[in-house]
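Okay, got some structures for you below.
Below, chain A partners chain B and then partners chain C, in two separate complexes.
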Partner chain A sequence: MDEINHGRRFTIIWAVCTIIAVPLVIWVLGPNLGYGEASNAGEDQATTLTVLAAIATPFLLLVGLYLVYAAMFFRQPRGQMLEGPAVRDDAKVQISWIVVTSITVLILAVYGSVALIQNYGDGTGSGASPLNRPSHVGLRVQVIGQQWTWTYRWPEYGGVETPGIEIPVNTMIEFNVTSLDVIHSWTVKELGIKADANPQVNNIAFAEPNRLLSFEYRCTELCGIWHGAMYGFGRVVTRPQFEEWIHKMQIKYRPAEKYLPPFALTYQPKFGSHRAGFEEES
Partner chain B sequence: MSLAYPHQSSSSVERPGWRKLVGFNIFTGIIGAVIGYIIGWYIGKALTTTPYYEYIRVNTLEDDLALILAYSFGVIGFLVGMGFANYPVGRMLGRPASLREKETGGAWRYFGLSTDHKVVGIQYLVGVGFFFFVGGLNAMLIRTELLHNTPEFVGPEKYLTIVGLHSVVMLGTLTSAVLGPFANYFVPIMIGARRMAFPRIEALTFWLLMAAGVILLSTIFFGGFPTGWTGYEPLNDQALMGMDSYILFFALVGISMVLLGMNMIVTIVTMRAPGVTWGRLPIFCWATFVTAVLMVLAAPMLIGTLLMAALDRAIGTSFFLTLGGGSAYLFENLFWFFGHPEVYVLALPGFGLILEMLPVFARKPLWGYRIAVAGFLGVGLMSFFVWQHHLFVSGINADLRPFYMLSTEIISIPTGFVFLAFIGTIWRSRITFTVPMLFCFAWAFNFLIGGASGVVLSDVPTNAQLHGSFFVIAHFHYTIMGGLGFAFVGAIYYYVPKMFGFKLNERIGKFQFWAMFLTFNATFLPIFALGLKGMARRVTFYPADLITLNRVVSIAAYLLFASMLLLVYNVVYSLVFERERATDNPWHSKGMEWQVPTPVPVDNFPDKIPDMRDFDPYDYGVPVSGGGAAPAPAGAGA
Partner chain C sequence: MGKRITWTTVLLVIVCALVALYINSYTSAWPKVITVTNVPATRTANLELQTVGAVGEKLDQKNPDWVSYLVRSHGEWVHTTIWQVPAHTLIHVTIYQYDSESGLRNPYLGQVQGTIGGVMTLNGKVVNQINPDSAAHSFAIPSMGVFVPLEGVNEEEAEKKHDFCEEAPCELSQAHNTISFSFRTGAPGHYRWQCFVPCGAGYTFGNGGPMSTLGYMGGFLYVV
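And then the complex of A and B:
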């Protein structure tokens, strides 16, 4: 048995590396995580990423450094065949490992759940009737996915359907996401929104943009060959700019209204199947 | 028909060559498959013209029913041609019971139904290796397409088929990557048995998997399939006939999984030699056992779901079609109820292999045997309670998300047990860095990153950013390729001396390891970055500012593929150019599988089953007085 106290030496190495690495993760890596924090949801997601990265760092260092340490110091001397100590377990170590990992996991779960509830689903699709709704919804917009494009309907503006989207800043917006055919997913990374568009399901997500910018919306659920091309660009604008835009849209798309079904939370799919006996609706 | 009795010389040895061709083997199997296919196709076509079918099927352009029946009858014809019907029919005609078929007879027995678990193990290794190669080729095509941010190489339609083939081949055949070759070969020896509990079913699982693989690859003749490995409805229903290949493939893989799992369970429960108690079962057998339980419980869900999907496609039901009263959520829910245990079916055997190899090269007993077993059981149990974390943004049961977040994070506790056993075993050990040991260390590094990124994905707020992005791809490649894949390749280096009687070249092996480890990380670490920058999965269009990073990934991926070819080169080199005959126990292991001679006799233990009451597979190390020198992985209190 060698003289070195491996336990103490490794603990010191690990502690020093952790003390150096965790601040780096929080203040150097952290600001680069997340896509832009242009809404309450996006902000919270970026913070959560940083928190998770900071919590993971000591564990990653523990195992990672240990592998290097073991590879360096617990070696078989060249050309020999020595046996290690025949130790089979240690209750103290095992119990402390279980306690530490369990507490960490519980903290993570509580943290995630609180963030989820506080931010009204944190920009995720939360089903047709989310338990936790913001009281100050300032605008509703329906997001309709179909192969392979997105359109938007505005129930508070006569149900007009537009091919593009502009939304007002500092307004809690309720996105009602649905699909006319297969499953899509409406994702705006800058605003931290991601909600699946399911046929005949109204999937609601909330987000409040907090700055003016143009954003990209994209489908992130595989929906057929042009899935990758199912993206476009929208803008977060001031409220007066938004009102001006939507009135222009109402005038522009009035001729199309007679071809549209009345506004509803979900619509009959364009087809159930091209094979299973459902004719395309006329 | 060869219904040989134990120890009877098989009649196939004396048969002339032409007689071998018309016996029951792969050639007659292929003939049976073709005949079955044709019969199935015409039955399907005939059914399609019945008045009822005309009524329900208004807008049809394709022959899904004919194709599904053709595939099904083709598989039956193949199995009959292989000789799987001989024994049941023979028994019905009053022939005597027998356990054994084609256990001797040279290389020929590898091309037919063999009841020797060692033959089946080698069949599996070659078969799974072939599909691993096919999946890898598809990965190369994917990376080539992603050299550009617009579809310029294969185009969006073929691209989706290639993505689908890569993922389905990998997930479908790699479920058997460890249980097929290594568990079939070594579990009976480790537990001191002469064979598996159901030798014919063991052979059946392999040939079913091969038939399934051929069916999957035939999808390219029917237009491919656009859904990726998840096969989500209603896209599934909308797809061309190539989708039927996916459905039949996965259903057959499911059947193969159930049979393989049941066989393993029964073998381990009933056939342990005296002394192999549950507390002394080798850790790899424990991992196999838990995996087998997961297979038996999860795979039927897959088979049933795909049957429903096939009915939707072929005869006009609407389980998953909203317009007919069905639900697309139903498919997602059922699929992931299978799909999540499935990923642990992929991970657990890797855990077992690593912990089995580790003590040999650390020259210490396995540390924390019981906590490792508890880890396997915990992972196995929890894997049935986490599946909706794949559906966090789908809107399904949104109010249950805190529960799934908790259960998903809880599953990292038992996974941590496996790491603890790893850490404890190498504490103050005497490590020799042979090639298998290098792979063990690489496994720990890769799975650590895979696990940590999994915790990030399990949190709903971060999942909202990362779901459906390249981050997910990096995460599961670190756990499956970096975990299972590295354990698999490490186990090849470890077990080839016993299975084939020669050692793989150590120098090429080390070079191959470093090439594989470095290129693997060079491929998938940047993919985390791509995901964090918002690159979506399964797309042929992506933002122009990600082109450079994607090209880096593509080049690293080509090199990774080359490093896998190096493994093939090593096999050829060690076999042909510099053959080093392996001794019975080249690694000085204490495991039972290394105490039997090489090549392993047909009966494993020809004289009598070993008495293992004084046998300890982890009997390494020098005793320590008082246990005072207990390992204290210092940072455990982190």
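And then the complex of A and C:
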């Protein structure tokens, strides 16, 4: 008969590993998860992901360690073909497992959902009617995906369209993301933004950059042959620098203005034998 | 049992070999690279292109009815879209545009951008913009900020005069627009270029077929 109390021994191993692993997840893995923290959305995502990872760690260890433990101590002795011990159910263990994991999953779901709602979608595309809109939007910019580049329109600056983007720091920005053809996805890791660009859909994301920096935007929805080249670089600048830049853009792209449709939240691509442009959606 | 294993192994090897062959044929279908004329003393190079409504069987037996760019090399029109140009050099581009108008999807791209002076010459006239609806194609190197719209030929008029080029290579005597502009290359690298007019007729959003196959309406500028 096996006299070792496997239950107690495994519990001690699991508890020790958990006590070591959880702080490592919070203070070592968390800050290195690779999410940007250059906006309120990015910061909140990093915190949320760290909390979720820390809560999930004991469960991951429980399952992983038990697998290793069982393989080490409950294996078939070499050269013998023995009948294993009878499998018996244990209502206490089953109920505990179901209750504890269900409560944990619910906590994770509630925590994640509250974070999303509280922080105006946390940088994700929230559709045309976000549940929670910030009252202090300082700037709107339309992000237009098209095979295979991004352009930007600025409704507060006469609807000028630009090939690049600069945004002011400490300003709540409303990104109106749309597409002129297939589905794209506008992603800025540094600012914690990811919003799908769907044709004829206005997908809104909010973010408030909290520091001056250069950021990379790229398409994260496989959209055709040049998908991999659909990226560029933008900048978070001071408000005066932004004003200077946008005025330069207004002058530079004035010739294109007379052919642009009025600014609209989405556009109706025109298809036909000889006209393939886009117009304001009616 | 042993026979079954042998046959399964043989079949597996054959399937793997076929898959490998398919992948190899797909990845090795790469257009050839054409080095454009370089004038070292002045650090300039000339790139001569032609845009056509149908590449024609003479140059492409696989997709003769696809729109395409052609490049002139040693006096001959060659069907490839990978062009090698020198770094930190002024590139003079001349495009003979033979296709009819179909329109830019984004009218903003009707403005000339990223060229020297932000302009191009269209049939000898300096312009910085065309009506986006009259564009047949465009030439753009997004990472260099170069966007040049190419005015389409009036097909009806050209057909009345019987000089509309139906398939490449087209002759200068046929109806065309001549567009020229210059831009400066930067550091060495591979820069992709593409047309922004959805001219892949018959394909999703006009951006399939020749727009989504290397060698027709997109390619690379090898800056060396």
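The definition used in the following text is that the second predicted complex is superposed on the first by the 268 of 282 C-alpha atoms of A that agree within 3 Å, B and C clash if a C-alpha of one lies under 4 Å from a C-alpha of the other, contacts with A are read in each partner's own complex, and residues count from 1 in each chain.
We take it that contacts are C-beta pairs under 8 Å (C-beta built on N, C-alpha and C of every residue); 3 or more make two chains touch, one makes a residue touch a chain.
What you see is a predicted model, and the numbers here were worked out from it, not measured in a lab.
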item	value
Chain B versus chain C as contact partner of A:161, first or second or both or neither	second
Partner chain(s) touched by A:62 [first = chain B, second = chain C, both, neither]	first
Contacts of A:151 with chain B and chain C, given as first, second, both or neither	second
Touched chain A residues, chain B compared with chain C	B
Which of chain B and chain C A:182 touches, first, second, both or neither	both
Which of chain B and chain C A:115 touches, first, second, both or neither	first
Which of chain B and chain C A:253 touches, first, second, both or neither	second
Partner chain in contact with A:225 - chain B first, chain C second, else both or neither	both
Overlap of the chain B and chain C footprints on chain A, listed as residue numbers	181-182, 224-226, 229, 269, 271, 273-278
List of chain C residues in touch with chain A within their complex	100-111, 113, 118, 128-129, 131-133, 140, 142-143, 145, 147, 192, 194, 196-198, 204-207, 211-214, 218
Chain C contact footprint on chain A (complex, rising order)	144, 146-149, 151, 161, 163, 180-182, 224-226, 229, 232, 252-253, 255-256, 259-261, 269-271, 273-278
Chain A contact footprint on chain B (complex, rising order)	56-62, 64, 151, 156-157, 160, 226-228, 230, 232-235, 237-238, 312-313, 316-318, 321-324, 328-329, 332, 362-371, 391-399, 401-402, 405-406, 409-410, 412-413, 416-417, 419-420, 423-424, 426-433, 441, 444-445, 448-449, 452, 455-456, 458-465, 467-469, 532-534, 536-543, 588, 620-624, 627, 629-638
Chain A residues within the chain B interface of the complex	1, 6-8, 10-11, 14-15, 18, 33-35, 41, 44-45, 48-49, 52-53, 56, 58-60, 62-64, 66-67, 70-71, 74-77, 81-90, 92-94, 96-98, 100-102, 105-106, 108-109, 111-113, 115-117, 119, 121-128, 130-131, 177, 181-183, 185, 187, 189, 192-196, 198-201, 203-204, 216, 218-229, 231, 268-269, 271-280
